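One chain, chain A, links the two complexes that follow: it is found with chain B in the first and with chain C in the second.
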Partner chain A sequence: MKQDFRRSMGWLHTWAGVVLGSILFAIFWMGTLSVFDSEIDLWMKPATRLAPAVSTLPLESFRSSLEEAISAKAAFWNVTLPSDRDAVFHTHYGTRKKTIIRDIDPVTGRELPDAGTLGATGFIFPFHYTLNTELMNLGECVVGLASMAMLVLCVTGVIIHRKIFVDFFTFRPRANPRRLLLDLHNISGVFGLPFHIVLTFSGLVILGATYFPAGVSAVYPNTRAYFFDSNGLSFLSVKHGNPGAPVVSLDETAMRARSLWGGDEPHLVLVANPGMTTSRIAFFRGNERQVVVDRDVVAFDGPTGELLSRSPRLTPIMRAQRFLSGVHLIEFHHWVLRWLYFVLGLGSCVLIATGFLFWLESRRKKQGENFGFRLVEGLTAGSVTGIILATLAFFIANRLLPPGAQVFGLERAALEVWAFYLVWIAAFLHGWMWPRRVWIGQSAAISALALTAVVLNWITTGDHPLHTLFHRYLWPVAGMDGVLLAGGALALLTAVKLSRRMQNGAVGSRPVASETA
Partner chain B sequence: MMSAFLFCTFLGLLLFLAFALLALTQFPHRRVTGTAELLPRRVTQVRLLAGLLLVVTLGLAIWNEGGGFGFLLWASLLSLTACAVAFVLGWWAGLLVPLARVMLNPHPLLAVVSLLPGSGRQPD
Partner chain C sequence: MIGRILLATGGGYFASSSAMAIFCLLLVTLGMPRADAVTLGIILVFAFYLCLILWVFAARALWRPVAVLSLLIASGYGLTAFVGHGG
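And then the complex of A and B:
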């Protein structure tokens, strides 16, 4: 009975992993990169690589931008203030037809040139939870399904690991490839278990209303009302009003918000319905110094400056929810913890990749010629090294495309995304068509592309790794270049070792008909 | 930022020590380090010490970083240092030989002192 149960769990672990592993790898890879989304943005938008201002500009400096939003009949206007991760201001307003985002120099207040990129915050981070598929929330639903499968994989993985305590620290780098892969899978799985479970569960909690809407619809008339209430934005549920109303001084209202927070600074200033009689000015307190995302919002009436509301204190259940959200979203500024998240995220990627590879190595001799095996082999290459290559292509396209580039009506930002998808598709095809040398080829390609990205960054901006290392405000760029170089070196080492092993006949001994013919 | 980095390094070293002690109570890892197996009583003692170190590091993390950050930092370092111990045992097991030998000594503290440079030298 016990053995049957373990076997059943083994079956579930294997097939949930094989079927959803590709999606899980994409989610974890993009999530890992999102840990440094602002830093990647800085790399992809060279004009924003500015030293932090000694004193921040007054909010009234953005009055002209607000007036522009009013004349465009924008539904909202906001400005994001600089922080130690992002030195520039960002203004943002949206009309029914379009959204305008501008980066503003924190010292001069002048508008910075448009980088023509979505960057990490516009592409990599949303990809992490939507897979860039927004049709009917399909992407979010698939991510939710994969996340629940991840939790199942974690639990079944513990159940089928027969000697979890005996083999706790066991790692045999000189053992045969299959043994080595299983050791790596076990190590990354067992030691990273708290990280895998907490991050997966908190991700499900954040999007809980999407996956389990019954609770929300039982209490609120619509999801909009739930969103406003749960985020302390009830002041926004007002009628449109009449145009022609002024917006009071942003600096004066900001000063009152600061005094309510005991001197804490706002992170974002929002003007809803700008220029209308029902306009609202809201200040969102920064969450840099705490894990909990409490979204303390102070709202004023736009035309009169009268204090309207302040977010109520969180109830214990909401505080627990916001703590889990904070653990996942990492809005806090703690550099050591951020790096630890990054490394642990890479550990999750190693877990998924080694799971795939172990599946392949276990079946290579007996099922190497089967269609199913070939399918998973190509799928693995495309999902693991393929998405890494695609991400590097995204970075390289960012450095290669000239400003204002357009091809077939596609703007520069869309072209970068196309570069990502084309390389990703090519990696899958490569995996299916030339499986024998796919890992060597794609590892070597990763190495070459990573080095190319660093060199292109140097050529196009003048910011070479030594220059960025000696200027504090350029450390995020140095970090990005450093990770690219380290990743490239590791990929090269992998390619060389695999190539040697193949020459010695230890790997890829299976002759592939299509290649040997 | 530098103080946070130094504190995390210190915390990481303590956690590494705790996991190394735990690992070196297991026979396969003692064999890799070329040291004799421990008596059951000593195994229990070492495991208790390692457990105490884990708890102390959690306390230190919360004391220095606050509840939220402290716990996250401790949990993250827990995973990484345990992984580091496994890698060290796999690639450079020789690094843990002195610790494995100290664990054999009936008076571990004295054994640690004897390992310090110059401790065994006679005065001229």
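And then the complex of A and C:
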């Protein structure tokens, strides 16, 4: 009976992993990069590489941007204030057709030139939970399914594991490739188990109302009502109103919000329905010093400046949910923990990649010529080294394309995304057509592209690693260049070892330790 | 095996949805604020779904999960049809 149970769990572990592993790798890879989304943005938008301002600009200096939003009949306008991860202001306003985002110099208040990129916050982070597929929430649903599979994999992985404690200390780098892969899979799995489970679970909870609307629709008229109610945003559910109304001073209302918070600073200032008689000004407190995402929102009536509401204190259940979101979203500022998230995220990538490779190595001798085997072999290369290559192509395209570039009517930002997809597809094709040397080829390509990205950053911006290392505000750029160089070196090492192994006549390929980018 | 996969993912999903709807309605009837009830439901439903999936794959005889899942789905939909949406 017990043996039977273990076998069925083993079957589930194998096939859930093989079928959804590619999507899981993409999610974990993009999530790992999103840990440093602001820092990658700084690398991709050189104009925003500015030293932090000594004193913050008054909010009224954004009045012209607000007026612009009013005349464009925007549904909302907002401004994000600088923080120690991001030195510049960002204004957004959204009309029915599009959202317009601008970066603002924190000292002069002038608009910075448009970088023509989605950056990490506009592409990598949304890719993490939508796979860049907006068709009817399809991407989010696939991510949800893959996350459930991840939970199943974690539980079944523990069940089929016989000697969890012994394997924790077992690593045999000189053993045969299959044994080595399994050891690596076990170590990254067992060591990172709390991380895998907590991050997957909290990710599901964040999008819980999308995945399980049944609970919401049982007691609410619509999802919007639940969203407003649980976030303390009920002040937003108002009629559209009539145009032509003024918006009172943002600085004066901000001062009142600050005094309500006992001196804390807002992180975001929102004007909903700007210019309408029903406009609302809302101040969102920053979450930099706490894990719980407690968006204490203070809202004022736009035309009169009358205080409308302040978010109620979180109930214990809401606080638990906000703690889970906070653990996932890492809005708190803590450099050591942020790096730990990054390293653990790479550990998850290693876990998924070695799982794939172990599946391949255990079957290579018996079914190496089968169609199914070849299919998974190409899939593994494309989804592991392929997505790393595609990400590097995204960075390189960012540095190579001239400002305002246009090809076939596609804007510069869209071209970068095309570079990502073209390289990704090419990596899959490479894996299917030439499986024998695919790992060597793609590892070598990773190291070449990583080095190219660093050199291009130097050439196009003049910020070489030695320069960035000696300026505190350029450390994020130095960090990104450093990780690119380290990842490139690791990839080169892997390629060299693999090709030596191949020359020595050993069959099969060795694992590619996750290259970082 | 395909039957099990469909039952685990699809059947498990709708059964957990129903269980969540019943749970939320029950809590709200007992006087818990709506936002709290739904949020608690969201936190718990994933663990419930996970257990259902594992159970479908581990069960020897498939009729037991089939019976329990259909019962859950039927009662969930029956209840929301009676009480109506938006409580």
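Everything that follows uses one rule, which is that the second predicted complex is superposed on the first by the 506 of 517 C-alpha atoms of A that agree within 3 Å, B and C clash if a C-alpha of one lies under 4 Å from a C-alpha of the other, contacts with A are read in each partner's own complex, and residues count from 1 in each chain.
Basically, contacts are C-beta pairs under 8 Å (C-beta built on N, C-alpha and C of every residue); 3 or more make two chains touch, one makes a residue touch a chain.
This is a predicted model, so every value here is computed, not measured.
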Report task. Applying the touch criterion given at the start, work out whether A:191 contacts chain B, chain C, both or neither, answering first, second, both or neither. Result -> first
Query raised in the report: Should A:341 be classified as contacting the first partner (chain B), the second (chain C), both, or neither?
Result: first
Requested in this report: May I ask you to decide whether A:375 touches chain B, chain C, both, or neither, giving the answer as first, second, both or neither?
Outcome: neither
Report task. Return first, second, both or neither, reflecting whether A:101 touches chain B, chain C, both chains, or no partner chain. Result -> neither
Query raised in the report: Once the shared chain is lined up, is A:323 touching chain B (first), chain C (second), both, or neither of them?
Result: first
Query raised in the report: First (chain B), second (chain C), both or neither: which does A:204 touch?
Result: second
Query raised in the report: So, does A:332 touch the first partner chain B, the second partner chain C, both, or neither?
Result: first
Report task. Could you pull out which chain C residues touch chain A in their complex? Result -> 9, 16-18, 20-25, 28, 33-43, 45-46, 49-50, 53-54, 57-58, 60, 76, 80, 83, 85-87
**Report entry** Residue ranges of chain A in contact with chain B within the complex
**Finding:** 166, 168-173, 183, 187-188, 191-192, 194-195, 198, 290-292, 323, 326-327, 332, 334-337, 340-341, 343-344, 347
Report summary line: Residue set of chain B touching chain A in the complex reads 1, 4-5, 8, 19, 22-23, 26, 28-29, 68-69, 72-73, 75-80, 82-83, 85-87, 89-91
Report summary line: As the complex stands, chain A meets chain C at residues 4-5, 8-9, 11-12, 145, 148, 151-152, 155-156, 201, 204-205, 208-209, 212, 214-222, 226, 229-230, 315, 317-318, 320-321, 324
